[in-house]
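Same chain, two partners: chain A is paired with chain B first, then with chain C.
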Partner chain A sequence: MRLTQGTFSFLPDFTDEDIRLQAQYAIDKGWAVSVEWTDDPHPRNTYWEMWGHPMFDNPDAAAVVFEVNECRKEHGAKYIRVIAFDASPGWESIRMSFIVNRPKEEPGFRLVRQEGEGRSVRYTIQSYSADRPEGARYA
Partner chain B sequence: MTETAEETAPRPETVDLARAFEESGTREVLRELDEEMIGLAPVKSRIRETAALLLVDQARRQMGLATETPTLHMSFTGNPGTGKTTVALKMASLLHRLGYVRKGHLVTVTRDDLVGQYIGHTAPKTKEVLKKAMGGVLFIDEAYYLYRPENERDYGQEAIEILLQVMENNRDDLVVILAGYADRMDRFFESNPGFRSRIAHHIEFPDYTDGELLQISEIMLAEQNYAFAPEARAAMADYIGLRRHQPHFANARSIRNALDRARLRQANRLFAEAKGPLDAEELSTITETDLRASRVFRGGLGTDRARVAQAAE
Partner chain C sequence: MNDMTPQTVTDAKKRYSAGVMKYAQMGYWEPDYTPKDTDVIALFRISPQDGVDEIEAAAAVAGESSTATWTVVWTDRLTNCDKYRAKAYRVDPVPNAPGEFFAYIAYDLDLFEPGSIANLTASIIGNVFGFKPLKALRLEDMRLPVAYVKTFQGPATGIVVERERLNCYGRPLLGATVKPKLGLSGRNYGRVVYEALKGGLDFTKDDENINSQPFMHWRDRFLYCMEAVNRASAATGEVKGTYLNVTAGTMEEMYARAEFAKSLGSCIIMIDLVIGYTAIQSMAKWARDNDMILHLHRAGHSTYTRQRSHGVSFRVIAKWMRLAGVDHLHAGTVVGKLEGDPATTKGYYDIFREEHNPMALENGIFFDQDWASLNKMMPVASGGIHAGQMHQLLTYLGEDVVLQFGGGTIGHPHGIAAGATANRVALEAMVYARNAGRDIWNEGPDILKDASRTCTPLKQALDTWKDVTFNYASTDAPDFAPTPEVSA
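Coming up: the complex of A and B.
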């Protein structure tokens, strides 16, 4: 099951040139771009691990592609995303986020039902890969 | 969409170099260089040659005759204050107009910005700087300090290795300019052959002549809305002649410092002497006395120290 989170996730995987152009768009808007990775793809897992510092004063997106590739060397079998943070007053939040690297096998999510009081049922989802311990989830 | 349009567009059969010269704005940059920089004839001609080479190369690529990005890394050698940083700025804007770097900004660094203080500190620090310079020009001032042969555990070596790797692999992303004194740069290149082979353009900056320095001093003053009194101009010429033979002479930078001190003395003089209101001309004129009061006319820095030492004894 292909993970769809953030922007562009229904499109085919981005090439480095696509990543560069999108990151350059964010930089030109004045947003700080940074690279993050995780092996816990749950949609509520907002805080991924940071790969280096956010690039607050890099005028060119070649640096982002460089860092994505550095991150791929270390975490090539996990999820990597590029996020763009808008620091301007009133926003102070992520304006754009897109996945640039994903594991070969994406086992997807299982639906978990919990019996509540009476006959009510609570639903939640759980990633199959998250059963294994951190660091051993993807080949 | 634009990419596919470019791919399918037929290759031009002829190339109008003169038009490319106009349209890219190269003429503009070269004109600025000619007007704003005094002297430096060999540097200017080298830059013009480089610009021509790059224009031709661009044309060749349009016609499909060349595909590789040429090596653009440079070394600027010359004494202090000969305009290396200023020319590097112009170079960055030239490369930007010709489309060889995407952004055309200049990042100026020295050893301190690249080399860390403990194990494992250097690599991230150097990479950070390189990332900042991507899409532009990285100007490494006094580059020979990176290499310290007397200390084999020096972290400079690590910075050099990363630098060489990026200079080779990310040639499309950034241009590196190494700068420093001629003799020490030569020794640096001898002990780091990797650098020499990766640098295509070696540009030497000659010292300014006395006449050029005088011209520079007038331009510097005019930029700050000051001017020499007629006798002060002659005093400045004397000053340049004397200063050149004293230690720590740094061409245009020495001139800038001399003018800063002259302005200080002028302010003092106005304060001490002015009885009534001052007009704009009085406020912006550097007179002979402001210049003649300099230590340089009394034998330079050394004499004052000697006198103080004598008095102390």
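Coming up: the complex of A and C.
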């Protein structure tokens, strides 16, 4: 399967130049750009691991590309995303989030059904990757 | 102004002697009145009957929408009646519309119950719309004071939190209404939901008239739809949703359906505008209490919003719905099959999404409006739109909008999932190009063509709908052209 979270998952995988262009758009909007990684891409796994703090006051997206590549050295077989935080009034939240790195094999998710009374079903989504312990989920 | 306009009778004995008196003489016309920051202000378009003075007509609207009746009553004198009288304070001719006037009327805040759209509207659009001295009457806009705005809950979730819950940022959301709107069994209906969500949409939607009919009872629909939502979520790793329409004949039944939707894990429910303002406010409260996104389908609005001379403008409905507390509301597409010129539609979108609306006559916005940190509403663009219009949609409507391609998804020649993928690829390619600094308005068709090289479903969609447009004159355009800049 292909994990399609994020702003651009239906486009071909991003090159460094794609990352730079999109990160620069965020920076020019005044947003702080940040790099995060995970080995559990569950749709409700909100908190991916931070690769350092959001890059406040950084004017140049080249620095973002550099950090993505540094992160790849350590976590290249996992998911890495770039996100942009907007601190302006009425937002104070994320304004962009796109995946820039993914494992070669994406095992995806198991849908677990617990049949309840009547015809109700309680659904649970489980990441196949999370069957293994943290740190041992992708090659 | 007309020099013959009657002045307010100030001598109390004359003012309150039994009989009939002109509304303007009774104190409902105060040209020197400066509205207070806490006043509610309504702007009406009035079309007086032949021979009826526009000032008297405006005063009559003020009177009939506040304290007046057709004759003098002595019981006024038991009240602080100067305060409770609405005051017409300004009447302007409508540009290029002989016989029509804009009447500005101010209402003291104490005329209204806090937090009740029903009470607000019972005054403002109550008796007065059937008043005989007027040929027609339209409520064009309202200024809602912060003191009043703060008595309402506002959108249960709001754009920011909706995006956080959906884990979806930086692009418009994508949806589709299940078609055909009537006749599918629950099992067949869920198939459409599954295919569309798996193919790349964020949401699917019940239509306004899907409630609980012989061909598909509501529980069946909810059960099959949630199977589809969860399957699609597992297949993509994304949070997905389907607007389960809980509209029903009674509040008790709507609450029961909403509770069932919650028990199945749905992130969103839906109601129709025709359930009424109080029911909408009740469901908004329920949605806030239960972490549910609340979608409102504006079924029925065109019966009173579409004609320029009579009714209520949709911009006023939008303001009331932001107060009432819905999260999603349909607001037009500009380019699709339903009413809406670009300037007027921009006015609606600004009312939905901005923290502060400055006066913008060219967009039909007559007042500065401060939203006092009420959540933002997500506009929904639905009706006759397709992937080939993506550059126009993104330019006109921006990023915080749900683009709903019903026919444009389900009508794809290679199936529903292919239609969904075509829309998602077109959308992401267009957002990418915009962010990268390209001129999407002019280069849009090329951008889509490039994206279709690696996406066959998009190529098929573009080939199928390339020439489909809906170019009809709008029936509800702004009355004012943008003011040209004065050049130095």
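Heads up, the rule we're going with is that the second predicted complex is superposed on the first by the 137 of 139 C-alpha atoms of A that agree within 3 Å, B and C clash if a C-alpha of one lies under 4 Å from a C-alpha of the other, contacts with A are read in each partner's own complex, and residues count from 1 in each chain.
Please note the rule applied: a contact is a pair of C-beta atoms (placed from the backbone, for glycine too) under 8 Å apart; a residue touches a chain by one contact, two chains touch by 3 or more.
Keep in mind that what you see is a predicted model, and the values were worked out from it rather than measured.
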item: Overlay on chain A: chain C relative to chain B, clash or fit; value: fit
item: Chain B versus chain C as contact partner of A:Tyr25, first or second or both or neither; value: second
item: Which of chain B and chain C A:Asn69 touches, first, second, both or neither; value: neither
item: Which superposed partner A:Thr38 touches (first chain B, second chain C, both, neither); value: neither
item: Chain B versus chain C as contact partner of A:Gly108, first or second or both or neither; value: second
item: Touching partner for A:Pro89 - first (chain B), second (chain C), both, neither; value: second
item: Spatial angle chain C-chain A-chain B, Cα centroids [nearest 10 degrees]; value: 100
item: Greater chain A contact set [chain C / chain B]; value: C
item: First, second, both or neither for A:Ile125, with chain B first and chain C second; value: second
item: Least Cα gap, in Å, left between chain B and chain C after the two complexes are fitted on chain A; value: 8
item: Residues on chain A lying within both footprints (that of chain B and that of chain C); value: none
item: In the complex, chain A residues that touch chain C; value: 1, 3-5, 7-12, 18, 21-22, 25, 41-44, 46, 83-84, 89-98, 108-111, 119-123, 125
item: Of chain B, residues touching chain A in the complex; value: 102-103, 105, 124, 128, 130-132, 134-136, 170, 172-174
item: Residues of chain A defined as touching chain B within the complex; value: 52-53, 55, 57-63, 66-67
item: Residue ranges of chain C in contact with chain A within the complex; value: 160, 163-164, 167, 169-171, 200, 219, 223, 226-227, 230-231, 233-239, 263-265, 355, 373, 376, 421, 424-425, 428-429, 431-432, 435-437, 451, 454-455
